[in-house]
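Structures incoming, each one as structure tokens.
Here chain A shows up in two complexes: once beside chain B, once beside chain C.
On to the complex of A and B.
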């Protein structure tokens, strides 16, 4: 193993250990809540990162898949009594199916038209959630979504009600999602996705089926979004059509772009920073949206590669600097 | 090896290619020349599936490939190198070469999702081939460098290496020596000759007539979308219609 890979592994182990022991030091339920929300956002940010950072497609639909996953899971639990794990799988499947269904026509369009279609889809999903009252109860929302319960063989069922239990459940989901994501972007498919982002014409000339690669990236982003939505619904126990608000899209864009689209750790850091800092600063939500816009503009001008890009550039500059003895 | 039969292409009714037919036999280096705007690159686009021809057919190794998409044509062994040095700029040279070779190994995209002995073996084969090509093209040591930071000449060579990754039986080259310094021209010529001696067939668009005369066994001349001459380099160079097309009537 190279020194760089060893260093990376050490960082990874340290991060996982820190994440495991973090609740021992956090006594306040409020802070734990922020941490759980951060975990949910990490999964959702990975969904946007896959299409925006890796495939180079600006999709404004991740909140739609998030909402679809939340509603799918909530309705299955409330109406049919499905257990959490089954609902989670169904929500991922629903996100995947909807992404596939709108991916087929929209990915044939130009990149600009694609942005508009994904935005329209999010707005349509919100309209459906608001007006299909027989199914969704419209603006009244769906209260009383049961918390996750894990069946332990011989020990009965463990119902997750406390914040600490949720923190660890979500940590497991996040680690699984991160592991799958890292494996994906290092695989042949991941390489093909990046090749299409870098130069689609050349990618096709070397035998890469660009249309299919973009479709797969988009469909998988739907899956991740659906999974995040299901976790959210069972954690918060109440959902309504405001899930599809553009506010969430903006939040997500900030996390992914400022963290460093196209990297794994940068986006995790982005999700953490932009969940924790605004909460600690207690900024009014509407002022926050306004400030986010300014921060986003400033950051794109100053550090277009986000946090991860900035760190990489610093590292390269340090390596290039002649050593001063 | 490659047969183009009566290809016609119009852009908004304006003919860009009129009933162009040509044949490239196995083992040949064939030149395609003509003034700017005569339809050379359009012909490449029609052959490789980037443009749909309005009429005619393309036969590659005995099979019709007309209407297939670019990736499907590439996977059949017809590689293409573009006029501008095209690479995947953010990827390292090695990753560029892996991306260029991976679709030709007969494995699906999903095959590498879960690391397996097979996927590791496939990746190792790509890396071995990549090292070999970087050495052949005399750009060793760039494997870990992002392609976008290489010099123009190095990017051009990397582009050639990418097209060669799958050991294609035939390569279409669009101006391989344009914008390249004289030393590099010689080394590109050397590489093409060596590959040709190894059995690779080439169809080359080139404005540098010295290179064409030097390399090609046979030359086709396009003017205003029509084939106006063909034959040995010497014969074509002496052809009156060719001179008229280049220097005016």
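On to the complex of A and C.
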């Protein structure tokens, strides 16, 4: 193992240990709530990161898959009494299926048309959630979604109600998602996804089925979005059509772009920073959205590579220094 | 009943066309999808509300001032979010205009609150009856204004030097730069035209409905369907598709359900994309 890889592994272990002991130092329920929301957002940000950062597809649909996952597992739990894990799997499956259904017509289009279709899909999902009142109760939303319950052999059912329990459950989900994500981007498929992003014509010339690769990336982003949505629904216990608001798309774009699209840790940092800082500043939601717009505009103009791009540039500059001296 | 639905649909189509034509024009000339385009319509609607309903200016003057103000807003938007990013990867303009949309929409929420308002335009109480079709004067005015605006736009694009520069920029921007056409100027002018059309829509069509900060989102959602169906960048295609969508929605709303009306545009868009990914009226960019 190279020194760089060893260093990376040490950082990773330190980060996981820090995440594991963090609740011991956080006594306030409010702060724990922000941490749980951050964990949910990390999973959702990974979903956008996969399509935008790795596949180079600007998809505005992740909040739609998030909402679809939330409604799927909420309805299954409320109407049919499905347990949490089954609902979680169904939500991921629903996200995957909807992404596949939208991916077929939209991935053949020009890049601009793709953006438009994915945005329209999110708006349509909101329309459906608002107007299909027999199923979703419309704007009244779905209250009383049961908390996650885990059946442990010998210990009976463990019902997760406290914030600390949720923190650890979500930590497990986040680590699983991160692990799967890291494995994916290092796999043959992951390298093919990046190759298509960098130069589609060249990728096709070396035998990569570009259409299939993009489709898989988009479908998997739907899966991640659905999983995040299911966790959100069971954690908050209430959902309504505002879940599909453009506000969430905006939030996500800021986290992924400012964190550094196409990197893993940059996006995790972006999700953490943009969950914690605005909460601590306690700004009115509309004013916050307004300020976020300005932050996004400034970021696009000034720092297109995001936090990770900035760090990489600094590191490259530092590495170049000795040769100059 | 059928004739009534078709007339209502045509008025609705005029609104979609006024917003969508600007969107398609900007794409045709600049290859930029302006995601803040709907907000220009929303600002136009609030402009009219402030000038006419609040400040009690005469209606025609309020309409003209709204259109001029929106042209200025279009110029500002072009300077802030489009021209600086023209030579960068396509995500830059998408995200910059999305950011501008967020800023404008939430700025309007902070400034005007989310309360729906009624502008009560003067011709709303005049009802024109022909056979079994009843139309308010305001609806007829909206339809007439849209048709007049499109005639003027076609004349401008075909007959003036500025219009010629726009068509040139649509074909080849590098060649434009070589012969001394300032593409940045063309971009600004195109945005002003598109914004003016949005202002007109805000001044004559928006008063038919409630005015609130979210109306731009709905308008742009429908306009996206229109420009995709008409072919991105194809201006006459957008006009035709807007008419088809308006009438189709009105029929779906009248004979199926109001939810069907709103979902109709998206379903039609997906169907068109499956059959003809380049739009109903061909791939070629036509300005």
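Methods note: the second predicted complex is superposed on the first by the 322 of 325 C-alpha atoms of A that agree within 3 Å, B and C clash if a C-alpha of one lies under 4 Å from a C-alpha of the other, contacts with A are read in each partner's own complex, and residues count from 1 in each chain.
The rule is short, and it goes like this: a residue touches a chain if its C-beta (ideal position, glycine included) is under 8 Å from a C-beta of that chain, and two chains touch if they have at least 3 such contacts.
For clarity, every value in this text was computed on a predicted model and none was experimentally measured.
Q: Would you sort A:188 into first (chain B), second (chain C), both or neither based on which partner it touches?
A: A:188 sits against chain B, while chain C stays out of touch.
Q: Just to be sure I read the superposition right, which of the two partners does A:209 touch: chain B = first, chain C = second, or both, or neither?
A: first
Q: For the three-chain arrangement built by superposition, which of chain B and chain C touches the greater number of chain A residues?
A: C
Q: Determine, under the contact definition given at the top, whether A:36 touches first (chain B), second (chain C), both, or neither.
A: Neither: A:36 stays clear of chain B and chain C.
Q: Which holds for A:258: it touches chain B only (first), chain C only (second), both, or neither?
A: In the superposition, A:258 touches no partner, neither chain B nor chain C.
Q: May I ask you to decide whether A:199 touches chain B, chain C, both, or neither, giving the answer as first, second, both or neither?
A: Touch status of A:199: first partner only.
Q: Of all residues in chain C, which touch chain A in the complex?
A: Touch residues, chain C against chain A: 27, 31, 33, 35, 80-81, 84-85, 88, 90-92, 94-96, 98-103, 105-107, 109-110, 217, 221, 224-225, 227-228, 232, 259, 262-263, 266, 269-270, 273-274, 277.
Q: What part of chain A is in contact with chain C in the complex they form?
A: It comes out as residues 58, 105-106, 108-113, 115-117, 119-121, 123-124, 127-128, 131-132, 246, 250, 253, 257, 286-287, 289-290, 292-294, 296-297, 300-301, 304.
Q: Which chain A residues qualify as touching chain B in the complex?
A: Interface residues on the chain A side: 183-184, 187-189, 191-192, 194-195, 198-199, 201-210, 212-213, 216.
Q: Flag every residue of chain B that touches chain A in the complex, lowest number first.
A: Checking each residue of chain B against chain A gives 48, 50, 69-71, 74-75, 79-80, 82, 86-91, 95, 98-104, 107, 109-115, 119, 162-163, 165-166.
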